[in-house]
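Next up, some structures in C-alpha cells.
The same chain A turns up in both complexes below, where it pairs with chain B and then with chain C.
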Partner chain A sequence: MQKVLTKKSLPQWVKKLLSYTIYTPVEEDDHWNFVATDNPEDINLDYPLTTLSPKKIIFPQREIFLEFCDSTEGNPEVKEVLPAEKSAVIFGVRPCDAKALTFTDKVFGGDFKDIYYWKRRNQTTLVGISCNTPPYTNCFCVSVNGSPYSKEGLDILLTDLGDKYFVETYTKKGEKLLNLAKGLFKSPTAKDKKDLEKIRIDSKKKIKRQIKNIKKIPPKLKEMFDSPFWDEESMSCLRCGICTYLCPTCHCFDINDEITSSSPIKGKRIRTWDTCQFPDFTMHSSGHNPRPDKASRLRQRILHKFLYFVDRYQNYQCTGCGRCISLCPVGIDLLEVLDKVRDYGS
Partner chain B sequence: MDPNTYIPKLAKITHIKEEVGGARPIKTFRTQFFENNNFSFKCGQCAMLSVFGKGESMISISSTPLIKDYLQFSILKMGRVTSSLHEKQVEDIIGIRGPYGNGFPVEKWKRKNLIFIGGGIGLAPIWSVLNTALGKREDYGDLTLIYGARTSKDLVFKEELEELRKKMTVHLSVDVEEPDWKEFVGFVPQNVLDKKPSPKNAIAVTCGPPIMIKFVIKALEDLGFKDEQIYTTVENKMKCGVGKCGKCNIGIHYVCQDGPVYSWAELKKLPQEY
Partner chain C sequence: MVSLEDLKKEAKQILKENKVKYIIGYKKSTNGLMPVPAFIKEPEEVEKLVWDPTCVFNLTRYLVDEKRRKTKEKEPDERPVGLVVKGCDSRAINILLQEKFINREDVYLLGVSCENTGVLDEKKLTKKIKGEKVKKVEFDEKDNFIITTQEGKTKIPAKEILANRCLECKANFPVIYDVLLGEKAKRSIDNPFESIEKIESLSTEERWTFWKKQLDKCIRCYACRSVCPMCYCDECVADTISFAVTADTTAEEKAQKIKWVEKSPVSSENFIYHMVRAIHLAGRCIDCGECERACPLDIPLRFLNRKLEKEAKELFGFEAGFDPDQPSLISCFKDEDPEDFIR
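For the complex of A and B:
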C-alpha cells in the first residue's frame, strides 16, 4: 500500500496508536536511543542514528528466563517468565537496523524457536524511515546488499518528502496501523512518486564509504585463518566489546542464575548479551581457552560476519550501519580491515 | 506455541556413586524425571543440567538409550555447577533439558569391530555407546576397550570394568607404575600402539583429554586407520545448547548442535578452536 501523510498529521496518527507501547528516537546525554513515550508530540524522525539499534527492544540486553525457588522441603518451583503481552510500535527504524532483525530472526528461529525473542518480535511493528542523507559518517549499507530505503524487516517505511512522508506498507501488521487512522492518509500524487524516485537515487549516491569486491572476502578469510594478520590488526584492541554490543546483528548471549535469597534458594535465571571479544566467552571451566588472545577473537568477529554466517545463511552478517567503526575507542575500522583482507598477499 | 527450550524439567537424583576421590573427584549420578516427558536420546548426546542458583552445565549422558528407567551422568568436579552437583545427595532435585547434539552414528557401524579408547573422565561418553553396542551384541563384530587414567584410583567404573571383561576385551593402563598393577603402564596412546588393534572393518572411538586424543589419533593413523574410521567428541563452553548463544562454535559448526561427535575426517576440516 502506498500513501502520503503530512508531517503535521504525524502526532494525530500516533494518538490513534496509544494502545501500543510507542518507541521513538530520543536524544539523552549526547546519545540517541529508542525510548518509550506516550506523548505523540515526542515522535522524532529527523535524527542521526541511535547508539543502540532497536534490537535492544526485541532482544533486550538483560531478560529473565525463569524464576526458581528451591527450599529444603518439597520440590523446587520453576516458573517460566515470558515477555509481557503488549504490542509495540517502533518509530524511526533505520533500514539497516530492520534488516539486521531479519538476521537475528534466522538465528532465533530454526528447529529450536527462541520464544522470548519471537514473542517480542511478533508483537512489535516496525515503522522505518528512509535515509535520504546518510545518518552516519561511516554508513556503508549499499556494500553489503542493503540500501538506504530497504524494506527488509520493516512493516512500514516512511520517506521524508519535505512537508510530508511517503508511506509504504509491506505487511498486515503495517496496514493495521494505517487503518487505525484512515482519514489521515492520502493517495500519493504523480509528483510525490517522482519526488520519491529522485530522493532515492540521490540517497544512494551520498553514501561515501564502501567495501570493494566484497565477494572476494569470504574465500580470502578462509585462507587467512592462520595468518599473522590477526595479531597485527588486533594489537590496539582494548577488548571492550563495544563493536559487538552496538552491532545490530550480533546475537551472542550468556545465561546465569542470580539469587535473591540463599535459604530457601530463590532467584532468577537471566539472559544477558555477551561478546566474543571477552576472554571468558569461550573459556572452559578447566581454564583452557580455545580463543585465548585478541587475535583469535578479532578473527572470530570478522569470520563470523563475513564467512561463517555467509556459509550458513547466505548473507553477510553485517548491514553497514557503521556503529562498530564510529564508536571503537581505538579506531579499529572494519572497512579498513576488510580492505586489507581482500588485498592481503597480493 | 512452540515449547520453551530453555525451561528445564525437574528430575530426582536416585543414585550417586563416588568413582574417583582426591583433588579431581568424579561422581556418577542417576536421575529420574518427575513426569514422563519423552526424553529420548541417542548415545553420544548431551544434556544441560541445572542446579538452581548456580546455573547450567552441559554434560554427556553416560547411560545407554536402551535403558529407559534413568539417565546417568559421570561428572568431574570442575566449575561452579559441577562443584555444587558434587554436594548433592540422593533424593535431591535438579533440572535437565535436552538432549542436544548429534550422537554417534551407531546405525552405520553395524557388523563392524568397535574399538573404544578412553582416558580419565572421557570414558563417560564412551560408556553410552559401548553399552549400546553390548545391548545389541549380535549387531556388531569384536568389541575392545582400551582405557587408562593417571593412577588406578583415577579409573572410573572400576567394578563395571571387571564385569565387562566377561563380555569383551578390556585393556587398562595407568600413567606411572604402582604396586600390584599388572596391566600396561604408560599413556593411553602407547597402550594403543602396544595392543595394535586392526583397522580391518573397524571403527575407533576415542574420548579423553585433548592431548590424549591428539596422540591416540596419531597412533591409530600409524596402525593404518583411515580418517573416516576414527571418531571423537569435542567439548566447548556452551550456554544455550541450541546454536544461538554463539559460544561453542568451531568455524561454521556449533558443537552443541553439529557435534559433539565428529569423525576425524570431519574434524580435520575445521579450525582448531576447541
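For the complex of A and C:
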C-alpha cells in the first residue's frame, strides 16, 4: 500500500496507537537511543543512528527464562517466565537495522524456535525511515546488498518528502497501523511518486564508504585462518564488547543462574548478551582457551560475518550500519580490514 | 606546537640504531577524525606518524599486551618498546613503574608536550564543524584552535573543544621521558576539581538519581576497563571466570566459586562493577580520561575517578603519577595520615 502523511499529522497517527508500547529515537547525553514513550509529540524521525540498534528491544541484553525456589528440600519449584504480552511499535527504524533482524530471525528461527525472541518479534511492528542522507559517516549498506531505502524486515517505510512522509506498507501488521487512523493518509500524487524516485536515486549516491569486490572476500577468508595477518590487524584491539554488542546482527548469548538467596536456594535463570571478543567467551572450565588471544578473536568476528554466515545463510552477516567502525575506541575500521583481506597476497 | 618532523627524526633514529623493537605512535585513521594507534617496525614506516591535538589515545595501555605477549615467548626480544607519550600518558608510565608492572628499560619514551593546550574532544569538535572533514588542527598564541576544513579556517576558543581531562590537567607535558619534544609549559587552570565540585554540591538524593540514571545505561561492554592502562589484572572480578581452574580443582570448588558481579546489566551489578573499578583505581588513576572517551553511552566515568583523586589529595596529600619511587597510596601509611584507627 502507498500513501502520504503530512508531517503535522504524525502525532495524530501516533495518538491512535497508544494501546501499543511506542518506541522512538531520543537524544540522551551525547548519543541517540530508542526509548519508550507515551507522548505522541516525542516521535523524532530526523536523527542520526542510535548507539544501540532496535536489536535491544527484540533481543534484550537481559532476558529472564525462569525463576526457581528450593524451599522444600528436593522438590524445587520452577516457574517459566515469558515476555509480557504487549504489542509494540518502533518508530524510526533505519533500513540497515531492520534488515539485521531478518538475520537474527534466521538464527533464532532454525530447527529450534526461540520463543522469547519470536514473542517479541511477532508483537512488534517496525516503522522504518529512509536515509535520504546517510545518518552516519561510516554507512556502507549499499556494499552489503542493502540500500538506504531497503524494505527488508520492515512493516512500514516512511520517506521524508519535505512537509510530508511517503508511506509504504509491506505487511498486514503494517496495514493495521494505517487502518487505525485511516483519515490521515492520502493517496500519493504523481509528483509525490516522482519526488520519491529522485530522493532514492540521490540517497544511494550520497553513501561515501564502500567495499569493492566484496564477493572475493569469503573465498579469500577461507585460506586465511592461519595467517599472521590477524596478529598484525589486531595489534590495537582492546578486546572490548563495543563492536559486537552494538552490532545489530551479533546475537551471541550466555545463560547463567543468578542466585538471589542461598537458603532456601532461590534465583533466576537469565540470558544475557555475550561476545566473542571477551577472553572468557571460549574459556573451558579446565582453563584451556581455544581462542587464546585477540588475533583469534578478531579473526572470529570477521570470519563469522563474512564466511561462516555466508556459507550457511547466503548473506553477509553485516548490514553496513557502520557502528563498529565509528564506535571502536581505537578506530579499527572493518572496511579497511576487509580491503586488506581482499588484496591479501596479491 | 611540537613539530612532527622532529618526532619522526627521533623515531627514525632509534629504529635505525635498533634501540627499540618497535614504536607505538599515532597514524591517520581511514574512517574518522581521530588518529589511531600505529605500530611502527621499520625506519621507512616512520612517515606514517602523525602528531597534533587530535592524538587523543593513551598508548601506554599497549604495554600490558606487550608484557602478556612477552611472557608467552620462548626467547623474548628484550629491547624496549618505543612509545609516544603526552603528559597524562607519562603519568601512567610512572604508575606502571611504581607498581613494578614494567621496568624502566622496557620502554623508550618519546615525550611530546601539549604545551599549554591539550587534545581535542571529538564530539565537541564534530558539533562545531558540523560534519566537515578536518584537514589540519593548529594552535595559536591566544588560546584558540585553528581548524582547517575544506570550507576554510575556523578559529575556536580552546576551552570549547578541549577534552574535559585537558581542562583540568595537572601537567600537560611529560613527567618522565627519554627524549622530550616541546616545552614544559603548563596551561593555567583555575580549579583542577571544578567538574567534580558540581556533583559534590548535589544532595545525596540528587546524586543517587544522577548515578542511577547514568549507570543504568551501562551495557558492560568493558571498554572502560579495556582501554585503561591500570586495569591490567589477568583476572577481573567482573568476569564470569574469576578464579584459576587447575587440574586439581574439584567440582565442588568450581561450583562454589564466588561470583562477585552477575552478568545481568542491572543497577545493582552495574554499581558493583563501577564501584570496584573506582576503588581499585584510587591513587592509581592519572586522569587520562580514556575510560570516559571510550564509553559508547557517554557515562561520565571521570567523575568517579576524580572524586577519589580529590580524596587522596585532601586526606593524604597524594598525587598519582609524578614519582615512580613513591609508595602506592593503598599499600602504605604515614604517621601523619588522618585515620587514627589504622595504627
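Just so we're on the same page, the second predicted complex is superposed on the first by the 344 of 346 C-alpha atoms of A that agree within 3 Å, B and C clash if a C-alpha of one lies under 4 Å from a C-alpha of the other, contacts with A are read in each partner's own complex, and residues count from 1 in each chain.
Rule of thumb we're sticking to: a residue touches a chain if its C-beta (ideal position, glycine included) is under 8 Å from a C-beta of that chain, and two chains touch if they have at least 3 such contacts.
Computed from a predicted structure; not experimentally measured.
Novice: Which partner chains sit in contact with A:H304 here, chain B, chain C, both or neither? Use first/second/both/neither.
Specialist: first
Novice: One more residue to check, A:S19. First (chain B), second (chain C), both or neither?
Specialist: neither
Novice: Kindly classify A:M283 by the partners it touches after superposition: chain B alone (first), chain C alone (second), both, or neither?
Specialist: So A:M283 meets both chain B and chain C here.
Novice: Have a look at where A:T189 lands relative to chain B and chain C in the superposition and call it first, second, both or neither.
Specialist: It touches nothing on chain B or chain C.
Novice: Looking at the overlay, does A:G331 come into contact with chain B only (first), chain C only (second), both, or neither?
Specialist: Touch status of A:G331: second partner only.
Novice: Quick check on the superposed pair: does A:N122 touch chain B, chain C, both, or neither? Answer first, second, both or neither.
Specialist: Neither: A:N122 stays clear of chain B and chain C.
Novice: Give one of first, second, both or neither to describe whether A:N256 is in contact with chain B, with chain C, with both, or with none.
Specialist: In the superposed model, A:N256 contacts both chain B and chain C.
Novice: Which of the two partners, first being chain B and second being chain C, lies in contact with A:N39: first, second, both, or neither?
Specialist: neither
Novice: Figure out whether A:F112 sits in contact with chain B (first) or chain C (second), or with both, or with neither.
Specialist: first
Novice: Under the contact rule defined above, give the chain A residues that sit at the interface with chain B and also at the interface with chain C.
Specialist: Residues 254, 256, 274, 283, 285-286 of chain A touch both chain B and chain C.
Novice: Could you pull out which chain A residues touch chain B in their complex?
Specialist: Interface residues on chain A, with respect to chain B: 65-66, 68, 70, 75-76, 78, 80, 82, 107-108, 110-116, 118, 225, 251-257, 259, 262, 265, 267, 269, 274, 276, 281-286, 288, 290-291, 296, 300, 303-304, 307-308, 311-312.
Novice: How about chain A: which of its residues touch chain C in the complex?
Specialist: Its residues touching chain C are 28-31, 51-52, 61-62, 137-138, 209, 235-236, 238-242, 245-246, 254, 256, 258, 270, 272-274, 278-280, 283, 285-287, 294, 325-327, 329-333, 335-336.
Novice: For the complex, give me every residue of chain B touching chain A.
Specialist: 1-8, 10, 34, 52-56, 78-80, 82, 93, 95, 210, 235-237, 239-240, 242-247, 249-252, 271, 273-274
Novice: Show me the residue ranges of chain C that touch chain A in the complex, using the header's touch definition.
Specialist: The contact residues of chain C facing chain A are 29-32, 34-37, 39, 57, 61-62, 65, 123, 131, 217, 219-223, 225-227, 239-241, 244-247, 254, 262-266, 290, 293-294, 296-298.
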